[in-house]
Every structure is written in structure tokens, then in C-alpha cells.
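First the structure, in the form of C-alpha cells, and then the observations on it.
Each chain gets a letter, A, B, C and D, in the order it is written, and its residues are counted from 1.
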Amino acid sequence: MPKCTINGKEVEVKDGQTIMEAFYKTEEPIAHYCYHPGLSVAGVCRLCICDIEGNPRPQIACNTVVTEGMKVSNKSDKIKDGVKWVLDFHLINHPLDCPVCDQAGECGLQEQYMEFGKYDPEMAEHKVKKHKVVDLGPTVVLDSERCVLCSRCVRFTDEVSKTSELGIFNRGDRSEIGTVEGKKLDNKYSLNTVDICPVGALTSKDFRFRQRVWYLKDSETVCNGCSTGCNVKVYFNKEGFFRVKPVYNEKVNGHWMCDEGRDIYKFLNKDARFTTGIVRQKGEQTEMAPGALAKELHKEIKAKKDQVALVLTGQYTVEEYDAMVSSMVKEFGISKIYHWVNNKESFDSFDGLLLRGDKNPNTKGLLQVLEKHQIKGVWGDLEAGLKNKSIKTLIVAGPENKAVFDNLETHVKLFAQAEHLVWLGSAKVDSLLNLNNVKVSIVPLKTFVEKEGTFINAAGLEQKFKRATTVVHEALTLTETAILMSGKNLTVPMAQIEKPAFLENKRRQDQVMLENRKKNEFVFKRGSL
Amino acid sequence: METKLLTEFYHLDEFRFLDGYKKNGGYVNLEKALKMQPQAIIDEVKASGLRGRGGAGFSTGMKWSFLPKNNEPRYLVCNADEGEPGTFKDRLMMERAPHQLIEGMIMSAFAVGSKKSYIYVRGEYYYPVEVLEQAVQEAYKAGYLGKNILGSGFDHDMDVYRGAGAYICGEETGLISSLEGQKGQPKLKPPFPAVKGYLQKPTIVNNVETLAAVKYIIRDGAAAYKKFGTEKSPGTKLFSLSGNVRKPGNYEVNLGYSLNDLINNEGGGMKPGRKLKAVIPGGSSAPVLTAEEASRATMDYECLAQMGTMLGSGAVIVIDDSQCMVDMLGVLMHFYHHESCGQCTPCREGTGWLNKITHSILEGKGRLQDIDLLVKVADNMKGRTICALSDAAALPVLSFVTKFRDEFEFYVREGRSKVRGSFYAQMHH
Amino acid sequence: MSVVQKAGAASKWYLPGILTGLGITFKHMIKNIVSKKQMVTLNYPEEKYEYSSRFKGNHILTVKKDGNIRCTACMLCATNCPAECIKITADENPDPKVEKFPISYEIDILRCVFCGYCEDACPVDAIRLGPEWQTPGLSGANFTYDINHLAYRPSLKGGIQSHVDDEERHKEGI
Amino acid sequence: MLETAKSTFQLSAEGLAEVKKELARYEIKDSAIIPALYVAQKENKGFITTAVIHHLGQVMDIPVSKINEVFKFYTMFNQVPVGKHHVQVCTNISCALEGGRELTNHICHELGVKLGEVTADGRFSVSRVECLGSCGTAPMMQVNTKYYESLTPESAMNILRGMK
């Protein structure tokens, strides 16, 4: 365990770790493009140069192993000038099309330029022209001119996804990232290349031109796309959710996430959701406040205790399962509780990296809650009960992400055999609104980004996450629904109400808006540009 | 005067073949070497003070002793990717005396304990590859290669690998990358090839001339070898003399030989009516010497280093007074721009930038500040990359611009060459 | 609001004040009838004032040589707008040299404070504040200016070309 | 698209055998990429196309991007069609000092082509290359595999005219 000094701060690192890792540990700033903690060291961007005491030449931090007593600094004028020049080498052939570039606002080149640059360009000659808007595959678009050839994406396809679609072709300043014609960048992790691209060379087709990044806020949460439970950041503003990116978690997903998981934002937005409570009887549809609807259901459930059954999917939090199951069991003594398993065949599959066949974030949590309340519902019982009409009122906590429920439609048909189908769910399921022979009550629920809770992933790891924002204000959580259905009222403890930011800062309301818009380090100084 | 040690029998056509080579003292010393202790050979080479003839001039014995002391398989690679502009000595050695190289390699391989060696020859050398491959076959047949060489119990295999045209593969890690079937991009150091090289195994990469010289160190002993050359630069060296001299060619002389003599005696002096203007003493990457400096220079590592240049691969390029230095820098910059592997940013972008600036000066579009910009860019490319190619591109710029600044300024001001007028426009009409 | 109470009895008699005022009005009326040139007011809307060409009035979106809109939908104007009156929706342009362009560009002119920050922020000279200053309209919808109005309204006669030329820039390698 | 790209090039039986031999020759498969590209280039009229890359990828079981990287990196693999006699004139410093560039211009002019172009009859193509290691006998050119040294514009053209 050698000790070293980084800019005067002493730090102890593991054997064989590099100066770069020591910089990370001390949280001292160091410029770099090609180094990525999840990939091998390339050492080609040459930005991470630093002074090592006793070494006349500056060394790169990413490939120099820390030795005992090493004194490193990157604060000297010599190093700063060196970084400035290396940055200039990066920029001389850069097209500077920040206005149309999606990366603007979170671009490595912009960040370092604000830190080290701010000079007049000295390059008077023509820039090297390369290919623009190259279609690399179904998910990614390449702009070779913006590329700084850090080779992160190439190393990703070689080392992590092991698909090797990308390569750097030609040499010198004619080098270009690309795929061989006839072979596309098409793998289940392809969008990670966009995340690790420090500039705007690789952009996501899905996110392209939808928002400028400085209009977006982000919030950390856990992906509910499958039972791996990758740690992710969701990006949103008042118009809705726009993208999902991975967050490093050594125990779960490392630095990566799959392309499927990046689509989860799509079912969070309003147009994919039930927004009000709906009661549908004999083809007639009335809208109702969700809370009132849930409360109304209390009477019916209480009256028909023995004929009520509950179906749960693995898409809710542990807290919600516990609230729902215990209210069913304790308040009403209902034990007909069943677990709805989607894609049964591939349920246990795993691709070796992140993707799991179980497309629910919290199957483990549900099973644990059911076990705690000693419920052993077998799916066959439900089918039989519906057939012989011993189950008349069926409460279903449906999927949030209906895309992963292949058997959704057949199951809706199955559930329609009951007399009264109570559907709790966030995703808009159109087939429910076409059922005419059964009474349907729909209570809109909140999605995982609108509530806090815990998911237990396939490895048994409990992951708590926080609320990001609220999209459908009227919607309830499953816990709230459980409370209302058991006839109680919702009480909101005062301490939990978040204080609005403007009160604390004594800001006017419109100033808060402005503040939100201009976050993400985007500093636009009037008059100076 | 030439001192023919390595090139003693190069005039004999039969020296190319095994029989002729054996007739002239070939493979005699191999037996002697195989009876020695490997460590003794390393010590002998170390004692001889032999320095790498490829360009860097690093002590060969020292390099060999960096090998980790374990039983991992290790490789010996002969660097015959002779790409440095002005250098053509390795080609001569491979064409005229392939067995001399092979013998030296077997001895070296025995010393470093390598069971497999490669000769990496640049792709353009079709004929030398042919000669080498034939010689390797001959050596296998005669039992100098293969299992249990000359009954010593030492096994060794040798293979010739053809490159495909990349200057950067002359850099040892670039060469290893190329040998591994990748782009010839240099690898990060550390780890050095002697620790982790070809296929992540310890690898020794030596130049053709270095490996061939090993034979003579074994034959005569380190002490005898040290008699050649100077105290710190012992031995003889092949110098590739080219450019504006009457008799260009390869000349083997003692290290420490006067550059003036090399040009005027061996090279036959300048062409009629021409005067010496500048000399690049160690291949295109070496900083240029003015005529005055050249008259004082002796061809050894120390003297040239002292004069701010280097011996490099021993390619002496003579430039006479009819040549335009801006033009020559343009030629070099085009070369380095073309050959930069594109890995490290300062080199990838810097070589392109230098090339653009020099050519805009040549086209008559230069600005006076461009001359300083050349220096600034070159200064900031130096020592900032994985391999030495960016230094190799930067050093000529710095020396050309500082030593012949008047020519550059004249070109920028007048839009034509001080020496050759507006030749450039005619050449690129 | 502060109210100034004038003391004194004379001010209770309004008639002298009224007559003085009428006198001034009459004086100007006669002056204007006699010499129209000296008149300071205009007969709006029959007559209109010509402002300087630098006047920051209604917005204009400039066009390229081929008549397409210059704006690249970088949203810097919207970001810089203190009144938040600019709304842009971007999309992929089939021409890879253009890459990004706005499929909708709306300015809520009633919110606009004509500060000109959008003009300042624009990196490609795509938006300018022009000399037009009238913003009449009969319903709320009339005050949301879209691309058609901003770039191609009849008074612009087919669009104002900006000075920056894409092709020249491309040739120069910028 | 992939299918058509693959179907346009096929190694001959000898070529395939040679590639297989090279695959077995070295410690790792990747080392055989350069020799295999040489074999394929010879069979594909002196240059390499995407179809060749795909075919080699299939034959050698190496990702095509890796083969393409190697192909595009080295100058001896031609990316565009070349003539039957590919004339490569050195224009690096030693040859430039002795008139290598003038020689290139002369050859181009005499053959009526620009650099990198193929003559109308497909016999010649001219390119300027970096140092070929024949500096002592400058200026020089390489036609296919053979070096021609100590040239003058006239002698160079005589050599080229003598080629069938």
C-alpha cells in the first residue's frame, strides 16, 4: 500500500494503482479523455500529464504506477501550459459545431477549454475534413470530425461487449473511428459507447436533438428494466423524461448498462400512462379521482372478502408489497395472493454481463414479502378460481413496463373472467378500456421514479432509491392504495413535505425557474461571448 | 579510411550463401558461443560496450540484462524495418550477408535464452526477404537452426516476418504490435518489451547491425572489439552516406571518424561547383548540422549529442548549397505527417499542423508568425507522446528553423526560395 | 401612490386652470393647422414613424442562399432569453452538412421584452431584431410567431439572407 | 448488403491453403493478418476491397474491424485499384535532394496520369512513396516488387517503356 502526495494531499493507494487512481481518490482535478476506469489504459490523449518530483519529464498519470513517497502535482505553470497545448492539438481539427452538437453542455472539450484554454486559435490552415453523420447502427450516430480518437469506444467493444465492431482506420490525422461497411455497431450494450465518448462524436439516435442537456435535471435511481438493478441516472425536465444513463456501482453494474434499460424512460412519460381513475361498467366509462376510487373499493372488498384475490407483478417496491399484502391479510384476511410471472421460459437466463431474463426489478422482494406473510398462492388456483367463479373481484397490480410482459394481453383476457377487475397500474393498457363484459376499475399508480423504496435484485442486494420527480400528480403509490382500500385516510406527516427551494433562498418564483434551466455547468456569461 | 569488420567479405557474391559464408569464417564461432555460459555472452557484450545501431544507441548488453530472471518463454526479434529516411545499411547487410545476421542472432538468442526469434523486415524489401528466407532454410538444413543446434542441446527457431509499409514499425513496440498482427502502433512503456513484449512475454528487439556485430564480439572478444572506435562509442559502424555527394553509399568506419573525412574521402566530396550547406548526421529525425558544425563533428554518440544532434541510424544526408532548406523541411514534414500512427494527440495533430504550416510557407502563403509557430508547435510535441516519432518530427523543425531562419524569413517575405526561386510553384503546377 | 394635496382657496376654483389648458391646446391646434411641418405627432395609423434600421423590433429569422432557414436549433437564444418566450423543437436534417434544424420555432411576442439577447447569443446570425415594431392581433394565437411568420412574412420579401455563408465556411475548412 | 459484399470475392484454393498455412505458422492467429492480406491482394488484382475484408474475416475467424484496421494502416495494401505495373517513386529527403520529385512529375507527365491514377490501358499507376531504403542510389523507383535505382528521367521512362 504505497503512499503518495497529490498536489500536497497525502493519499494511500493499493499496490499497482496508477497516479490517475490516486487523483480520483483525492478528488483533485485532472484532465483526461482516453482514460476510463472501466477500460484498459490507452495513454493516447496525453492530457493527464503531471510532474513527478525527481523526474525531469512530465509523465502521464494514467500509466504511471504509484511508488512509495511519490510526490505528484499538476498545478505548475509548465504542466498547465503543456495541457493547454495538448488541448490545442485536440482542437485544431475539431469542427467547433457545438451549436448542433448534442454533447454541448457536457462535453469534455468544452470543460477543458474553459479550464485551460480561452485563447485565440493559432491554426490558420484548413481543417481536416472527415465523415459527418455516419450511421453506425440502430442506436448510434458518428461524427468523425468531432472525434478526438481517445479509443474508448473501440476498447469498449473489444473488452466489455466483446463484439469488436469498431476500429480506428487509417493513420495519422486521417484516422477515423468506424465500422467495416456491412457490419453495424449492433449489440446490446452499444449505447455505452455514447456515454463514454468524451466529446460529441458518438451520439444516441434516441436522444439526438430532443433536448439540450442544460435543460435537463438528473436524479439517481435504480433501473427497473430487469432484475440486475443497474444504478442509473434519469434525465428529465418539466416536459418529461428524456434519457437514462448508468451510474457506477461496483457491486451491481460497474460502469455500464444495457440498451434495453435505456428505454425505461419511455413508459414514465404522461402519454404512456393512466392519468385518472377510471370506472368502466357495461361499456360506459366514467372518470374519478384515484383516491376516491380506491376508497370506494374498500366497501366492496370488505363485503366480498372471500371472493377477492390479489395478483402482484415484480415491479413494485418492497415497502409497497409489504403494505399491500399485510393490509390484505390483516384487514381482510385475504390470502389468495398470486405472483404474475412474465416470460417464464427465459426467466433465469443471464448473458454474463448485465442482462437477465427476469425483466422485473423486484421479484426477489416480492417473494420475500410473500414468504414473510406465509402466502403460497399457486397460479393454477387463480385460473381455477376465475373459472369456477369463486373469485369475483380481482385486484391486479399490473406492470409499469408493459413492454416486457409478453403475456399481458392473454392475461388481461384471463382476468376479465372475474366480475370486477380492479387494475392498479401506471402503464396505459388499451385492452382494458375495451372490456365490456366486466366491471373495470383503474387506479393510476406512480412509477418508480415518483416514489422512494427498495428493490432487491437478482443477487439479493437491497437497493434503496429516492424519488426523482412527479409526472402524474394524481396517481397513487401502491402503499397509498393499500391504505385507502383498507378504509383509512392518508396522512402526510409535515416533516416529509419538501420545502420549496425558493423559500429557503428567499428567491422569487421565476428566479427558481431560471436557476433550473441554467444548471449543468453551463455558464453563459452575458457580454463575454 | 574504412575499417572493414562486418563488411569484410561483402564484395564476395558467394558470401550470400551458406557455403561461401562458411568458407570465409562463418558459423565457426557459433560453436564457441554455444559452449559458453549464456550469462558469459551477455557479460562479454556488455563489456564490449556495443550500443544499439538502430537509432537510440542504447547499450545492448544492458538491454539484455533487463530480462526478468525466470523461465518464461522469451523472444528475440531482429528489427530490420529500416525506414529512417537516408538509411540503407540493413538492406545491404541482409542482401550481402544474411548468414552473418543469422549467426549473430543465434548467438544472441542463446545468450538471452530465447527459443524463437523473428526477423521483422519492412514489406518493401522483397529481395532481402527472399535472400533471408533462403538463408534461414539453408541454416535449418545445416543444423544451425532447429532442435539441438550443433549438439549443444539448445533449440532455436527463426522466422522471417514481412511488414507492410509503416515507418512506425521501426519503433520496437510498434514492431511488436505489428508482429502481433495489429496496427503498428507503439505500446505504452512501462512495461518495457524486455519485461512484457511480444505476446506479453519478455522480448529483446535489436537492430540488424547490432545483432551481426555480436558475432564479432564473440569471435574476437570484448577487448579486441573495444579497440575499434572511441572509449565510449566502441566498435565500427556502417554509415549510409546519401544526398549531394559524389559517391554515396554504405561505408563502415570506426566510430569517432571525422564527418568531414567521411564526406570528402569516402564520399568523394561535393559535386563540382557545389559547397556543403548542411548535414543531417543520423537519419531524417536527427537535428541538422550546418557546414561549419559538420567540419568539427566526429561520428560517435557523444560528440554528436554534444552538438545537439544524434548519431541515430548512421544515415548521413549531405545537403549542398543548391538546396532550399524550407523545401527540405517540407519534404520531412510530409513524411512525418504521413507516418504518424495517429495514436497520441500531440503527434497525430502536430505532425499534420507542422506539415500544413511548412507547405503554406512553401506555397507563398506563410505569415512571419508562422515561423515562430513552427517552433512553438514542435516544442510542445517534444517528449509528449508514447514513442519518439513526435520528437523525430519536432527536432528537425527546431534545428532547421533556428539554424536557417534567414531562409525561412526570406521565403515568407518574398514568397519564393532564397536559393531556388519560385521552384515550388513549378514543381506543383 | 402618493397624492399631493394643494393647499389654498384659489386652487378650489378649477375654471382658470381649465381655461389655461384649453388655451394651450388651441394655440397648438392653430399652429398645426397653419404649419403642418412643425407638428410633433403623427396621424397614426395613416402615418407611421420610421425608426432607425438598428431599432430592436420584431424578430426576423434569416435564411440561407437556398432560402432554407439559417437557424441550427442550438437553443442558445432560448437559453439566453430572460422572458422565456422562445420555444424550439429541433430535428434531424436530411442534409448531413446541415445536420440539425428547427421544425418549429415559436416566439411568444407578448412575453418578449425586446432585449436582443437572442441576437447576441446566436452563433450563426440566424435571429435578428428588425425595425418592425407593430404587433397587432385579434386573438391570443396571433401573438405566437412561428417560422413562417418569423422568416417568410410578406414584408420580408422572401426572407433576409445572413452574411455567413455555409459553403464558404466549408471551403475554408472552418 | 452483407451477402453481396461477401459474394464478390473468394480466395482461390491455393490462396486459401496459403492463408491456412500462415494461420498455423505463428503463435497467434492475428499475426497471419498481414500475410493473408498480401495473399488476398495478389488475388484481387493488386488492391483490397471490403468484400476481401469480409471474406478474410470469415476464413480466419477474426473480427473484420481488426483486419480492416491493419489493412488501412499499412501503405502496401492498396485501397484503390492499381495498374499492372505499380510505379512507386521515392520522394523522401535523399531522393528529393537528387531530383526524386522531378522524376515523379516526369513519369506522371509521360504516362499521362496524376498521382494515384491508373493509365487508361490499365498498365501503369504512379504513386509517390516515402523512403524505400535506397538512398545511396537516388533517385529510385519500385515497380511492383523490383527496385530500379540511380535513375534519370530518361532512364526511368526507358525502363517503363520496356515493360509489357
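Criterion: a residue touches a chain if its C-beta (ideal position, glycine included) is under 8 Å from a C-beta of that chain, and two chains touch if they have at least 3 such contacts.
Note that this is a predicted model, so its numbers are computed, not measured.
The chain with its Cα centroid farthest from the Cα centroid of chain B is C. C-beta contact counts were set side by side for B-D and A-B; B-D has more.
Per-chain CA centroids place chain B at a distance of 24 Å from chain D. Taking each chain's centre as the mean of its C-alpha atoms, chain A lies 55 Å from chain B. One simple way to say how far apart two chains are is to compare their mean CA positions; for chain C and chain D this gives 65 Å. Chain centres here are Cα averages; for chain A and chain D they lie 50 Å apart. Residues of chain B in contact with at least two other chains: 166, 183, 338-339, 341.
Among all residues of chain D, those that touch two or more other chains are 66, 69, 73. Annotation, chain-chain contacts: A-B, A-C, A-D, B-D (touch as defined at the top). Of all the residues in chain D, the ones that touch chain A in their complex are 1-2, 5-6, 50, 53-54, 63-66, 68-69, 72-73. Those residues of chain A whose C-beta lies close enough to touch chain D in the complex are 157, 163-171, 179-183. On the side of chain A, the complex with chain B involves touching residues 41-47, 49, 57-58, 63, 65, 82, 85-86, 89-90, 92-93, 122-126, 128, 148-149, 168, 170-175. The part of chain C that touches chain A in the complex is made up of residues 72-76, 79-80, 82, 84, 90-92, 96-97, 99-100, 117, 120-121, 123-124, 172-174. Listed in rising order, the residues of chain B touching chain D in the complex are 82-88, 90-91, 116, 122-127, 159, 161-167, 178-184, 199, 240-244, 248-250, 280, 284, 315, 317-319, 323, 327-328, 331-332, 335, 338-339, 341, 427.
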